[in-house]
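Structures follow.
In what comes next, chain A is part of two complexes: it sits with chain B in the first one and with chain C in the second one.
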Partner chain A sequence: MSGNTTIKTFVIDGNPVSATESETILDVARQNGVNIPTLCNMSGLTSTGQCRLCMVEIAGSNRLTPSCVTKPEEGMEVVTESPRLLKYRQMILELLFSERNHICAVCVTNGNCELQSMAQRLEVDHVRYEYLHPKFKVDGSHPKFEVDHNRCILCGRCVRVCDEIEGAHTRDLRNRGIQTLVITDFDGPWGESKSCTSCGKCVHVCPTGALAEKGKSVAEMAKRRQFLPYLVMRRKGASK
Partner chain B sequence: MLIANRKIAPPDSDRRWKIVDATMRKQGYSPTALIEALHTVQEAFGHVSGEALEFVSESLNVPPSKVYGVATFYNLFNMVPLGEHVFSLCTGTACYVKGSGEVLEFMKTEYGLEPGQTTLDGSLTFMAARCVGACGLAPVMILDGEVVGRLSPDQMKERIREWMSHDE
Partner chain C sequence: MKKNKKLRLATIWLDGCSGCHMSFLDIDERLLLLAEKVDIVFSPLVDVKVFPEDVDITLVEGALGTEEDLHKLMKIRPRTKILVAFGDCAITANIPSMRNPFGVEDTLNYIYLEMGADRPQIPTQGVPPLLPRAQPLHNYVKVDVFIPGCPPSADTIFFALNELIEGRTPQLSQMTRFGA
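This part shows the complex of A and B:
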């Protein structure tokens, strides 16, 4: 950290807090024990503001702001929880549930799933939208892992970890809108990918059961993410 | 960077690959030339084939998944050859409100075409565009490059039937 760091002071939920120049509202909130809901965000990976769960209210603005990609400004007043925010967050989760087949009872990550625990935390007890019930094929061509697009929420964590940490960029998103799908290489079977290093990082950053190790049964797939902070630290050390 | 300078051989002896290569060479084979290169492929071949994606990906050192993602994201690129005639329907918000959804249904029932499909004889391709940027003319359809707007859904259907009978 350089000698003349600018510190900004602002308010989160009525409490005065301070931030360095590089920190986002979400970073500062977490440091101060305010747990803003997120799904696509992952410490160590670039924030993209995709899931929209981390939206917060800022005094003086009618618009909601994604806290993971917004830097605080001096004197800003941030509200992280309100009936309006809860309404929208619940709506986002309901839309996610209705878009693919998130049936916990038969899922490998049941009990270890971020989508599931987020729904519990935000008390989503029903889905008011019609379920689309898409029928995506499960790709089990990889010897160690499998991908079930029916459980994917398109958070893009696997894409980012593969690009930013592993450096292989095996994954990306194809098409757009409702047709969006996570692909490997030229949308081929994962097992035939030439760029995949089979490192398994994508599997372990996946918030749901979309990416899992083979041979796991219902509720057996717990994700291990301890590797990420260490790799990020090493990466930063190397670039200096 | 030595790796970036290696020369990738085109998939076959088709001379059109030279045009694609020229575009990429002009940009110094920079990864940022991706869209430019795909445009050239689209213009030269009429569609973006799998081997074209591979050629561009290797030449520019852009990961395959990224090339595929970009090629499928933009409506300007199509992965399968188009039919002789191309009918595009705008399904953007303004056009949808003005009844383009009805024409979408019409294409399904009358010609059996879903967006992105081509008739079996290869005479007609039906495309649905997100927004062609001419919302003032809503609902907009494009008949072989000719922009037709400000018609009621029924008039649109009539116009399509007329246009379809051109070749007969």
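This part shows the complex of A and C:
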């Protein structure tokens, strides 16, 4: 940290807090024990504001603001929980459930899934939107891992970890809207990828059962993410 | 809710595996406590053939998979004060909905004709036609209480029933979830 860092003071849920120039509202909230719901965000990866769960209210603005990609301003008043925010967060989760085939009871990540636990936390006990039941494929061509697009919430964590941490950029997104697909290389079978290093980072940052190790049965796929803060720390150390 | 009078409880399973009912039985000796407060007036567990009038609470397990399921649900709703979507199939269509992306025809063809049965044929006698998609109860009727879980635990079921008997809306989010 340089010597002349500017510190901004602002308010989260009525409590005064302070932020350095590089920190987002979400960063500062977490430092102060305020647990804003997130799905696409992952500490150590670039924030993209894709899932919209981390939206907060800012006094003086009618618009909701994604806290993971917004830096606080001096004197800003942020509200992280309100009936309005809860309503939208529940809607987001319900739409995610309705867009693909998330059938928790037969999912490899049942009990270890961030979508499932977020629904429980935000008290989503049913989905008001009609389930689309789309027909998405499973790619099991890789010897160690598989991707089930039926359970993908398009958070983009796998794309970012492959690009930013592994440096391979094997993954990307194609199509738009609910037809968006996470693809391997130029949308080929994962097992035939020339760029994939088979490191498995994408599998372990995936919040749901969309990416999993092969051979795992229902509820057996717990994600191991200890590598990420370690690699991030090493990289920061190296750049000093 | 009526005081000093036993409530009338019904349970039914539609397109489900009966697992939620098994979990209901798993409340074990607490069934006796429950029996002091409710009469089970209709259930796969009791020998009543016609769904009665004036039911206080009905637990509906299972999705709507067939025209018969839908017919039963439409009968149950006006006869029930509190309709409970009991378990994930009733709430999300869960396992039965796994056929939905493929459609009825492809599903039946695959299961009955292509799986290598001895005399491959699609059953038509004595079975109700499948709905185009397995669906959650609340797509068709008002559901008053949702109890997620596959199946919901015995403790969850016992707690939820007691809350309903006492006239409260059970707060279940800390006890159960989809897939629990």
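The criterion applied here is as follows: the second predicted complex is superposed on the first by the 240 of 240 C-alpha atoms of A that agree within 3 Å, B and C clash if a C-alpha of one lies under 4 Å from a C-alpha of the other, contacts with A are read in each partner's own complex, and residues count from 1 in each chain.
The rule is simple: a contact is a pair of C-beta atoms (placed from the backbone, for glycine too) under 8 Å apart; a residue touches a chain by one contact, two chains touch by 3 or more.
Quick caveat, the model's predicted, so the values are computed rather than measured.
Once both complexes are superposed on chain A, the partners chain B and chain C fit side by side without clashing.
By the touch criterion defined above, A:I7 reaches neither chain B nor chain C.
In the superposition on chain A, A:S195 contacts chain B only, with no contact to chain C. Between chain B and chain C, more residues of chain A are touched by C. In the superposed model, A:P134 lies in contact with chain C only, and not with chain B.
By the touch criterion defined above, A:R176 lies against chain B but remains apart from chain C after alignment on the C-alpha atoms of chain A. Of the two partner chains, chain B is the only one that A:F186 touches; chain C does not reach it.
For the combined model, the angle formed at the CA centre of chain A by lines to the CA centres of chain B and chain C equals 100 degrees after rounding to the nearest 10.
Nearest C-alpha atoms belonging to chain B and chain C sit 19 Å apart in the superposition, given in whole angstrom. In the superposition on chain A, no residue of chain A contacts both chain B and chain C.
Put simply, chain A touches chain B in their complex at residues 163, 168-176, 183-187, 194-195.
Within the complex formed with chain A, the residues of chain C that make contact are 85, 88, 91-95, 97-98, 100-102, 133, 135-136, 138-139, 143, 146, 148, 150, 172-173, 177-179.
Within the complex, the chain B residues that touch chain A are 50, 53-54, 63-69, 72-73. Taken in their complex, chain A has these residues touching chain C: 97, 101, 103-107, 110-111, 113, 116-117, 119-121, 123, 125-128, 130-131, 133-136.
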